[in-house]
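In what comes next, chain A is part of two complexes: it sits with chain B in the first one and with chain C in the second one.
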Partner chain A sequence: MQWSAKRIARSPLWLLFPIGVIYGTLAVMPLALIVRFSFAGGLKQYRAVLASPLLARIAENTVVVSIITTVVAVLLGYLLAAALWRSGPRLRVLLFMLVLLPFWTGVLVKNFAWAALLQDNGVFNELWLVISPTHKALPLLHNRLAVIIGMVHYVLPYAVFPIYTVMLSIDQRLERAAKSLGASDFSVVSRVIVPLTLPGVYAAGLLVFIISTGFFITPVILGGPADMMIANLVDFYAHQLVDFNRAAALAVLIVVVVSVLVFIYQWCPKEGQYGKA
Partner chain B sequence: MARREACESGRTPLSSPASYRGLRVSGRCLLLLACIPVFIYLMLPTLIIVPMALTKGQIIQFPPIWISVHAFADYFKDSQWIDSTIISFKVSILAVCIACVAGSSAAIALHGKTFFGKGAVVGIILTPMVIPLVVLGLGDYLFFTYVQLGERWLEIGLAYSVLVTPYVFITVQAALAGLNPLLARSARSLGAGSASVLYHVHWPTIRPGIAAGAIFAFAVCFDEVVIALFLQSPDATTLPVRMFTSIQYELTPKIAAVASLLLSLASLALLAQAFLPRQRLSPR
Partner chain C sequence: MVMDIVIPGLDDSANREAGKRLAGRHLDVRGVWKAYSANQYVVRDVTFTLKPGELLTLLGPSGSGKTTSLMMVAGFELPDRGEIRVDGKNVAWQPPQRRNFGVVFQGYALFPHMSVLENVAFPLRMRRFSSSERRRKSLDMLEKVGLAEFRDRRPADLSGGQQQRVALARALVFEPDALLLDEPLGALDRNLREALQLEIKELQRRIGISILFVTHDQDEAMMMSDSIAVMNEGRIAQIGSPRDVYLHPRSPFVAGFLGETNLLRCTDCEFDGSSARLRFHNGTVGHAQAPQEGYRRQSPHALVSVRPERIRFLTTEETIENVIDGIIVDCTFLGNRSRYVVHALGQKLIVSSTDPTLSQHACTGDSVRLGWARDDAQVLSETDN
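Right after this comes the complex of A and B.
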């Protein structure tokens, strides 16, 4: 009894004080303010936001773009993760650097580069003009395709790592066992490796989807006016319409949806059935 | 040549161990071949930035016909851009300092403890990573209209400190994983005070974790646009905000020059993290 009391007294829980102050003032208070603003006039703001045809269109655009981004990123990420998994130690370091450098490059730098690559007198169009018979530039920038190219590029490392982690935890003897029982290469991949990596694929997909729905900069730089996403709508309410109540109501709705997704992400298993990791 | 033969030998039937190895090599070749376009896609924007900055004239051309550093000179002569760069440094350094104190002290506080609700506490600490930036930006904007500090860069720095505290927390927690919690208790039983335990037991362990977290936090701050867009004022426009607004307007070699400087900063950070000394494990 005496011992435990002493332990509690000596335990450095006071070290949680700085983070408590920072989070209390700079995270809890701003979020509380958003909630308060969103309930100005009861549920009026929410009704106005939900009834607006703008929201329906932008929400649909956000979901469609995020789903396409997720599918493409997970497929490419699976390929990269498999290459990392199967390469020797030296090649693996090099490939890791290749995956990580874009990860560290800022989102602005990347988007600027894509804009310069895709614009009418950009690299791709210069090449296209050489081979095209009509000598007309392709409209590559300011459309949905450009947004997806930029978004997949940003989220690809986030897709690689969960899948790679699961692959590392696969017992390599399973593969040999399948082969010794007469399985072809194709069926080893399709019936042993892919099913064992599915938890990583789900985790990667959900993570990429959560990140994708929050994009703000890429739709502005690489997309056209029709490619606005949900984050841009908050900004639109706040800065163009100067209606902070509606912006707050929309922000609350976004937080609710994201919380549900994050909760599912926490709950879904992240390592393989035969995993050690 | 030998490699190609190894690839082709994979077609032999699956009976001997030698052919089994050949098969694996051939699969790997195919896999790496399939990955080449993906790696080109990943690297292309990074590779294109520096040549674009070296273009002569005011329009971005690729390949650059004339190599010129005038874009860099333009940037260093433009007082607005330099001011923004200084603001960005001030904001990021403030945020990283606060995050290092708050994040690492929280990691030490929770180290080796098991209590009901610890998972929830860790979850709360990590929450800023998943809240959409627009939501944080809007909230910070509303908050700082009530609590005015006078200096806008200070407000942006404080807003960022919450954003990057989780990164420091995670890296410090990882560094502490190698430290046996009993060491702190035995130091205390030998008469060390709280401060002395922190300095002699925890500090040497968490140093690499703090360094790694600080580098990452700095990179995040130096690239953040959304919160800064909400909090900006004419005398507190961060470098990313200035880049963001001018990219929408026009793509000039000057932006490419700034982008290539940011890119070299990111590469330095990546190298620093790759060569950071690994933390020492405590004796068992």
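Right after this comes the complex of A and C.
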């Protein structure tokens, strides 16, 4: 096959040109720059990052907070998905709005809303002070609990949709079949519905965990100094220490680890591994 | 007549082992009504009895209420009125879990995340059988349907026919009061359908279970049933043996739904015992079977149903109870038979003939004498709808 000028001019690949330019200048190029920064002085930056006692503590915090967030979000998401699945058309529209509204709301808005609710003279503490015998405000803000609340609020839609999709793919006759074979409502759920939705649960869990590990602004607004997460450490190197090379090395490490998770997620069946029977 | 039926894929010992038979119980559906919205009844006053060991088919077009009737027996729908009795005990208000019917759904509804053995053991697990007993009974049943060596497979790895056998095994293993089959063969191609029809029938004869079967396919109903209940617009139009409903239909709907028929109008109709003497509207006198005693209707007009394959071409000397003259207006060769359209009695008659010499000679425009026996003509008890 010959590549004449005319042929090239007519190639449909030209349609990819605009996205190529945007993606190249906004994503690939900065990433390449970061990789280059990270190798300034060979592996020196990586050694420095990995040797820092901060990394171990913050990585641990990131993983723990992300796991708790994932578990809570998947549990709540499962219930919400089940409610969406089983509700009538009108209730379903309402529930969808309740899921999607926070999804479309900016993370800053959500976080400051929680800050307002959780602070010492916020709504929850005002209520608590009325009934509390000690008249001391509860420490609700600037701690791990607040960070997790804010993160769960953000990631909940990401937990709902993979589970809901798998539920939709379940053949409704399976439930009738189970009942006709003598299964109680509890057995229908525990032996048929839950096993069939597990692929969705795994997919949702992985997705939520990946998103959780990348949180930056929520720990800043809702957390205390001890609640730094890994993205905050990058910021710490870049803005507090003004050491871009070290920040770049840490960023590359994060990208590598998360990429592994993203690959696993891509392999994970999302639409019901059993299909439609 | 006792026949020795051997299920393909079953070894001799399994066939012999099948001596133990489930009988099933007496299922009585009495005056059941069901509406989904106010006064829009989809099932109207449906009454039938499924005797132990019998295969009864609910046959009708879509929307005739047959599946709704089955679902009420299974317990997935509640009737607005009426009773569903198992050995005299009304179960109409019990949830499906509390009834004891084996249901086989269209598409089989096997649990995709369980192995074949786990699927079959599921109803036993729900009934809290011990694990050793579950295993023994399930393997026993899989043996009976010839799938023991597939016990560890997933349903998705089985063929359509094997899936059906698993579904049957799962519905039979807990010794249900009856099997309820909801168009289990609906989505299959013709050859597989016929093979599976035979398989269900044979399994039923060996195990001896009573079956309530729902289908819209009249050939399937004829092939499998001990009794057929023909349903139309929520009602049972007629119930009887396949032979009875085919040869002695009561209404034009039943006559037409169970294959092709000729409906002849008559102006005068007198009953005499089981036979009827009638006058076609060109004055020719005819003879036919009268409707059963309770269904006779005195009316100056009547309809007679005559099946196309029961009408014969007569030679000039031959005579029979009904003789008419006509002209062939169309003939079609269909391989195993020929189909003629004959203009006679002021209307078009369909005649089906398997006579090979006739098909070579008879052609369009010929004048012919047609005849049929008194027993092959049935006066319908209803003329409308």
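As a working rule, the second predicted complex is superposed on the first by the 262 of 277 C-alpha atoms of A that agree within 3 Å, B and C clash if a C-alpha of one lies under 4 Å from a C-alpha of the other, contacts with A are read in each partner's own complex, and residues count from 1 in each chain.
By definition in this document, a residue touches a chain if its C-beta (ideal position, glycine included) is under 8 Å from a C-beta of that chain, and two chains touch if they have at least 3 such contacts.
Here the structure is a predicted model, which means the values were calculated and not measured.
In the superposition on chain A, A:Pro53 contacts neither chain B nor chain C.
After overlaying the two complexes on the shared chain, residue contacts for A:Gly42 are found with neither chain B nor chain C.
More residues of chain A are touched by B (comparison of chain B with chain C).
Contact with chain C, but none with chain B, is seen for A:Asp171 once the two complexes are overlaid on the shared chain.
When the shared chain is aligned, chain C comes close enough to touch A:Val192, but chain B does not.
Judged by the touch definition given at the top, the superposed model places A:Lys179 against both chain B and chain C.
In the superposition on chain A, contact of A:Pro225 is made with neither chain B nor chain C. When the two complexes are laid over each other on chain A, chain A has residues 179, 184 in contact with both chain B and chain C.
Interface of chain B with chain A (complex): residues 14, 20, 23, 27-28, 31-32, 34-35, 38-39, 41-46, 48-49, 52, 59-62, 98, 101-103, 105-106, 108-110, 113, 123-125, 127-128, 130-136, 138-143, 146, 158-159, 161-162, 165, 169, 188, 194, 198, 219, 222-223, 225-226, 229-230, 240, 243-244, 247-248, 251, 255-256, 259, 262-263, 266-267, 269-270, 274. Residue ranges on chain A touching chain C, taken from their complex, read 171, 173-174, 176-184, 187, 191-192, 195-196, 274-275, 277.
In the complex of the two chains, the chain C residues touching chain A come out as 74-76, 95-97, 99, 101-103, 105-113, 122-123, 125-127, 155-156, 170-171, 174, 180. Those residues of chain A that touch chain B in the shared complex are 10-19, 21-23, 26-27, 29-31, 33-34, 37, 76, 79-80, 82-83, 86-87, 95, 97-102, 104-117, 119, 121-123, 126, 153, 156, 179, 184-185, 210, 213-214, 216-217, 220-221, 231, 234-235, 238, 244, 247-248, 251, 254-255, 258, 262, 266.
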